[in-house]
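You will see two complexes here that share chain A, one where it goes with chain B and one where it goes with chain C.
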Partner chain A sequence: MSGTWITTRAWLLMLPLLIVMVAVIGWPLADTVQLSFTDAKLVGTSGSYVGFDNYLRLVSGNAFGRTLFTTTFFAVVVVTTEMVFGVLAALLLNQQFYGRTLLRALLILPWALPTVVNATLWRLIYNPEYGALNAALTQIGILDAYRSWLGEPGTALTALIVADCWKNFPLVAMIALAALQAVPRDVIAASYVDGASAFSRFRFVTLPYLAGPLMVALVLRTIEAFKVFDIIWVMTRGGPANSTRTMSILVYQEAFSFQRAGSGASLALIVTLIITVLAVAYGTVVKKVAGSAT
Partner chain B sequence: MNRFFGRTLLSATLLTAPLSVPAFAETQINALFMAQAAYSEADVRAMTEAFTKANPDIKVNLEFVPYEGLHDKTVLAQGAGNAYDVVLFDVIWPAEFAANNVLVDISSKITADMKSGVLPGAWTTVKYDSKFYGMPWILDTKYLYYNKEILSKAGIANPPKTWEELAADAKIIKDKGILATPIAWSWAQAEAAICDYTTLVSAFGGDFLKDGKPAFQTGGGLDALKYMVDTYKSGVTNPNSKEFLEEDVRKVFENGDAAFALNWTYMYNMANDPKDSKVAGKVGVVPAPGVAGKSEASAVNGSMGLGVTTASKHQDEAWKYIVYMTSQQTQNAYAKLSLPIWASSYADPAVTKGQEELIAAAKVGLAAMYPRPTTPKYQEISVALQQAIQEALLGQSSPEDALKTAADNSGL
Partner chain C sequence: MERQSPLFRLFLHVAALLLAAVILAPLVWLFVMSISPAADLAAKPLKWWPATMDFSRYTVLLSTTENSAGAAFIASLRNSLMVAGMATLAAIALAVPAGWAVSRTPSVGWSLSVVIATYMLPPVALAVPLYMALSNFGLLNSVFGLALVYLTILAPFTTWLMKSGFDGIPREIEQAAVIDGASLWQTLRIITLPLAMPVVATSALFAFLLGWDEFFYALLFTSDQRAKTLTVAIADLAGGRVSDYGLIATAGVLAALPPVIVGLVMQRALISGLTSGGVKG
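Take a look at the complex of A and B:
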C-alpha cells in the first residue's frame, strides 16, 4: 500500500468529524468575527460595517486596562494558590493513614458543588452583619468588630479569590493524586536507600512524574480563571466601584446589558485571543516537559 | 424492521401520544416573571391558576428569574427567537424596549374604564413617547421605615419630615449609644443604589437629564450624592449599606439593627410578621422625607408593568392574561405585599384593613413618584451612576468628580 493512499484514507476517515467541527466551532467563530466589525444591536438592527471602531473604542476606553489587570491578577493568584494547595493535599492523601478514603471522597465535594451554590455559600460566610467569618474572627480576638469583606475594594477581590480557590483546588489535587499513584515504588525505595531528604525525594523523584499532568491542570485552570464570571456575578456583580470587574463581566455588560452585540463580540474576541495565546504557550511548555520526562 | 427497533418505535409513540392530545389547552403562552417577595411566586401561580380555570383554552407557562436577570433574559430570549409572550418589565425599560421593538404598542386596547380607574402615576410606568407598552401591575415606591421602639427610646416623638431631620435623629440615636449605625440603605453596585439615589434626587429637586443631556452632576443631583456621602462619613449610615440589596436591608431592619431604612412596599407586612421578624408591631412607615424649601416628600417610581412582546404569536391571548392579572379584583385579593394600581381600591376596607399606616404613606408617596431617566440608553446611565456612587462613598473621588465622570460615561 502506498504512503499517499494511507494519508488520503486518513483524511477521508477524519472528514466527517472535520466537517462537524468546522460547523460547530468554525461557523460561530466566523460569525462573531463578522459581528465584531459592525455596530449591531442585540435586538432590532443587524448593524452596518464600522471597521475597527469597536476594537479601538474598547481598547482606548478607561475600563479595558483596569479590567484586564484585575482579571490577570485574579487568574495568576488563583492558579498559583490552587497548584500549591492541590499538590500539598495530594501528597497528604497519598500517605497511608486511617480515614484516607473518607478524606479523598470529601476532597471532591467543593469541586462538585455548582459554582452559583458555592458563591451563595461564601456570600453568607462573608456577610457583614451575620457572617460566619466575622463571628469566628471576633470570637478568637483577631477582629474587634464585624467588618465588610465584599464591600471594600481592598478585601473584595481577595475574598473572591479565597472562595474560588476553595472550590477549584480539589481538581488540581485529584489530578496530582492520580499522577502520584503512577510513581514507581522501586524508584522511591531507591531514593530512600540513597539517603535522599524528603525535599530531595519530592523535587528529583516525584515532581518529574507530576510535571506532565500538572501542566494539564495548569492550562485548564488558567483558561477557566481568566474567563471567570459566575462566582463574581453572584457575589459582587463587579463591585465595589468596579474593583472586582473581570473581562467576562465587561463582555456581558457590553453585549447584553447595553445590547451592543457588535462591540460585545469584539471584546469577546480579544478575550479569546488572550486565552489562545496562553494555551499555545502552555502547549509548547507541555511538549518540552513531556519530552524531557521520557 | 427488526424487532428491537419496532418495539422502540412503538413505545416512543405510546409515550408521546398523551402529549400530543391536549385536553383543553389549545393555546400556550409563555410568561416571564421575577422571583421575589411581592408578588411572590406562589401568588403569581395562584392568580394564573384562577385565570386558566376561567379560560381553559389557554395554558400559561410561567418562568421566574431574579430581578437582576429579568432585563437580560427578556432581551436575550427575544434576540434568540424564542421570546416570551408576556413579560414583566421595570419602569426604566419601556424607552429602550420601544426603541428596539421588543414590546407591542397596546394603546388601542386600553379601555376608557382602565384610563379613568388606574392612578395617573401608575400609567407613567408603561408610557413612552405618549404610547402605552403594557399595563402597570406592581405599583411601588420606596418608603421610610422606622423602628418605633428605638425612636421612643431616643426620645424622638415623630418620624422625620426632612432628610436633614433624619440625619439629626440618627445622630441622636448614635450618640445615645442605642445603635452604632442607625440608617440602612441598599447601595450595592446594582440598580438598588439608583433607586435610593433617585429618591434623594427627587427630594433635592434635581434633574437627571435636561434636553437629553446629563444634568445630575450639578444642583439636586449633586446634593443627593453629597447627602449620601455625608451620612456615610459621619457614621450614621450603616457602612455595610454599600454591599446591601433590598433583602439585606430588610434583614437588618427586622433584626432590630436599623432605626431607619429605605425600602419597598413589601417590607411592611414582612417586617410585621412575628414569625421572621424581631420588630413585629414596632414597624413605622412614612413617605420618604423631603428637603426644606424644596419638597414635602420624596419617592422613586419603582413600578413594573406587564407587556406583550412583538415576537409573540398569541398576542390576543397574552393581552387577555394581562388584563386578568392587572384587574382590580385580582389586585385587591393580593394587596398585602403589593398595592393595587386602581384608585378606588384605596378606599376599599378589604385592601386597607390592617395596613392603614402603609396606605396613608402610599397616598403621599405614590403621588410624589419621581421617574428615573427615560431614555433608550438607561442601562448605561445606570451603570455609570452606580460606579459614581460607590467611588464617592469609598472616598476614591469627590461627589463632584464622580458625577462628572458618570455624565461623561453615560453615552449621552
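Take a look at the complex of A and C:
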C-alpha cells in the first residue's frame, strides 16, 4: 500500500470526529472571537463592531483585577495543598500496615463523588444553623457560637478551598502512588546498603521517579483549578460580596446574567489565553523534568 | 528488607486511621443525614446518629407520583442517563476509528495533539455561541442538544484513551491477517476490535462518568424537567428553599452511587487509565 493512500485512509477514518469537533468546538471558538469585538446581546441584536472596547473596559474595570487575583489565589492554594497531601498520602499508602488495601480503595471515593454532590455535601456541613462543622466545633469547645462559614467574606473562600482539596487530593495521591510503585525495589535496597538517610532516600531515590507524573498532575490540576466553576456556583455563587468570584463565574455573570454576550466573550477569551499560557509553560517544564529524570 | 521500628509502625497506623477518617467522615455524614429524622438534623446539640433510621426519603425520591419531589428527581435521573448515555455512544463511535487511524498512522499524529488541546479549553469559551446555536435550532432544554454539547468534552477524551489503547495492540497481528488475505475491514472487525474491547469499555465508562458529572453546560442549556440533569436538580435543591436537609443529602447519595460503585469495582482499570494518561501526557 502506498504512503499517500495510508494517510488518506487515516484522514477518512478521522473525518467524522473532525466534522463534529469543528461543529461543536472550532466554530463556537471562532464565533466567540468574533463576538468579543461586538456589543452583541445574548438574545436579539447581533450587535455592531466595537474593536477592542470590550477588552479595554474589562481590563480597566475593578472587577477584573480582583477576580483574577481570587482565581489565582484559589488555584495556587488548592493545587499546592493537594500536591502536598496527595504525596504524603501516597508515601503512607506505599508502606506496610494493616488495612492498606482497604485504605487504597477508599481513596477513590472522594474522586468518584460527583462535583455537585461534593459541593452540596460541604454546603450542608458549613450550614450556619444546623451544619456539622458548627456542631462539632462548639461541642468540643473550640467555637462559642455558630458561624456562617460561607456567608462571611473572611471565611467563604477558605471553606471552598477545603471542600475542593478534600475531593481532589486523592487524584494526586493515586497518581503519586502508582509512580512510587514503579520505583525498582533493588534501587531502594541499594540505598539502605549505602546507608542513606530517610530524607536523602526520598530526595535522591524516590523523588526522581515521582517528578514526571507529579508534574503532569500539577498541570492538569492547575488548569482545572483555574477554570473552576461548579463547586463555587453550588456553594456560594461567587458571594458573599464577590469574595469567591472566579473568572468562570465572572464570565457567566457577564454573558448570561447580564446577557452581554460580546463582553462575556472577550472575558472568556482572556481566560482561555491565560490557560493556554499556563499549559504551554508547563508543557516546557514537563519536557525538561521528564528529560532529566530518565 | 526494610525493618520498621515499633514506634514507626505505631506512627504509620495512626496516620492511616487519620487518613481514613478524613476520607470517610464527610461521606458517612452525607449518609447519616439521609437517614436521620428531620428533627434530629435541626437539633442543638446536633444528633450525630439517629435513634431510628428513616429510609423514607429514598422512597419519596424514587416514587413516580405526579408533581412530587420524586417525579422531578426521577425525571432528572432519566435525563442524566439519556444525555450521558447518548454522548458516550456518539463519542465512542467517533473515537474508535479516529483513535485507530492516529495510532497506526504517525503522519497524522499532530491532529491528535490539536484534539487533546481542545480538552483544556474552558467551557466558557464556547458557551455563548453554543447557547445561540442551540437556541436557533430549537435544541435548548433538550437532551439531544445537551448530549451534542457534551461531545466537546467526551470526544477528545475518548479519542485520546482509544489511541493509547490501540498503541498497546501490536500492529504485527493486523499485518499477519492482511498477509493471510483479510481485507482491512475484516482485520479490524475480527482481530483488532475484539482485542480493543477492554479499552473501549474503560473509555466508555470514563466518558459516562464525565457526562454524569457535568454541570456547567447543563445549568446553561436546560430549564425544566424535560432536560434538567441530576447535577442541576441537586444544585437546585441545595440552593432552594428545601427545609429538609436530609432530602438534599438523599439526592446526593443516590446521584453518587453509580460513579462510586463503578469507581470501586473498576478501581484497577480506572487508575491505570488515569496514570497511563498521566505518565504519557
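Worth a mention:
Here, the second predicted complex is superposed on the first by the 268 of 294 C-alpha atoms of A that agree within 3 Å, B and C clash if a C-alpha of one lies under 4 Å from a C-alpha of the other, contacts with A are read in each partner's own complex, and residues count from 1 in each chain.
What we mean here is this: a residue touches a chain if its C-beta (ideal position, glycine included) is under 8 Å from a C-beta of that chain, and two chains touch if they have at least 3 such contacts.
None of these values were measured; they are calculated from a predicted model.
Aligning the shared chain A places chain B and chain C in steric conflict. Of the two partner chains placed around the shared chain by superposition, chain B is the only one that A:41 touches, whereas chain C remains out of contact.
By the touch criterion defined above, A:139 reaches chain C but does not reach chain B. In the overlay built on the shared chain, the residue A:256 is in contact with chain B and with chain C.
Between chain B and chain C, more residues of chain A are touched by C. Of the two partner chains, chain C is the only one touched by A:268; chain B is not. After overlaying the two complexes on the shared chain, residue contacts for A:241 are found with chain B alone; chain C is out of touch.
Look at A:153: by the touch rule set out above, it reaches chain B but stays clear of chain C.
Of the two partner chains, neither chain B nor chain C is touched by A:184.
Shared-chain residue A:128: touches chain B; no touch with chain C.
It is stretch 130-138 of chain C, out of 94-102, 130-138 or 166-174, that runs into chain B when the two complexes are superposed. Touched by chain B in one complex and by chain C in the other are residues 42-43, 129-130, 237, 256, 261 of chain A.
On chain A, the positions that touch chain C within their shared complex are 3, 6-7, 9-11, 13-14, 16-18, 20-21, 24-25, 27-29, 31-32, 35, 42-43, 89, 92, 95-100, 103, 105-117, 119-125, 127, 129-130, 132, 135, 138-139, 166, 170-171, 174-175, 178-179, 185, 188-189, 192, 212-213, 216-217, 220, 223, 226-227, 229-230, 233-234, 237, 247-248, 251-252, 255-256, 261, 264-265, 267-269, 271-272, 275-276, 279, 286. Residues 1-2, 4, 9, 12-13, 15-16, 19-20, 22-24, 26-27, 29-30, 33, 41-42, 44-46, 90, 93-95, 97-98, 100-102, 104-105, 107-108, 111, 115, 117-118, 120-133, 135, 148-149, 151-152, 155-156, 159, 184, 209, 212-213, 215-216, 219-220, 230-231, 234-235, 237-239, 245, 248-249, 252, 255-256, 259-260, 262-264, 267, 270-272, 274-275, 278-279, 281 of chain C are the ones touching chain A in the complex. Across the complex, chain B is touched by residues 41-44, 128-130, 148, 150-153, 236-242, 253, 256-259, 261 of chain A.
Looking at the complex, you find that chain B touches chain A at residues 68, 71-72, 75-76, 78-79, 96, 99-102, 188-190, 239-240, 242-243, 248, 251-252, 255, 257, 379-380, 383, 386-387, 390-391, 394, 396.
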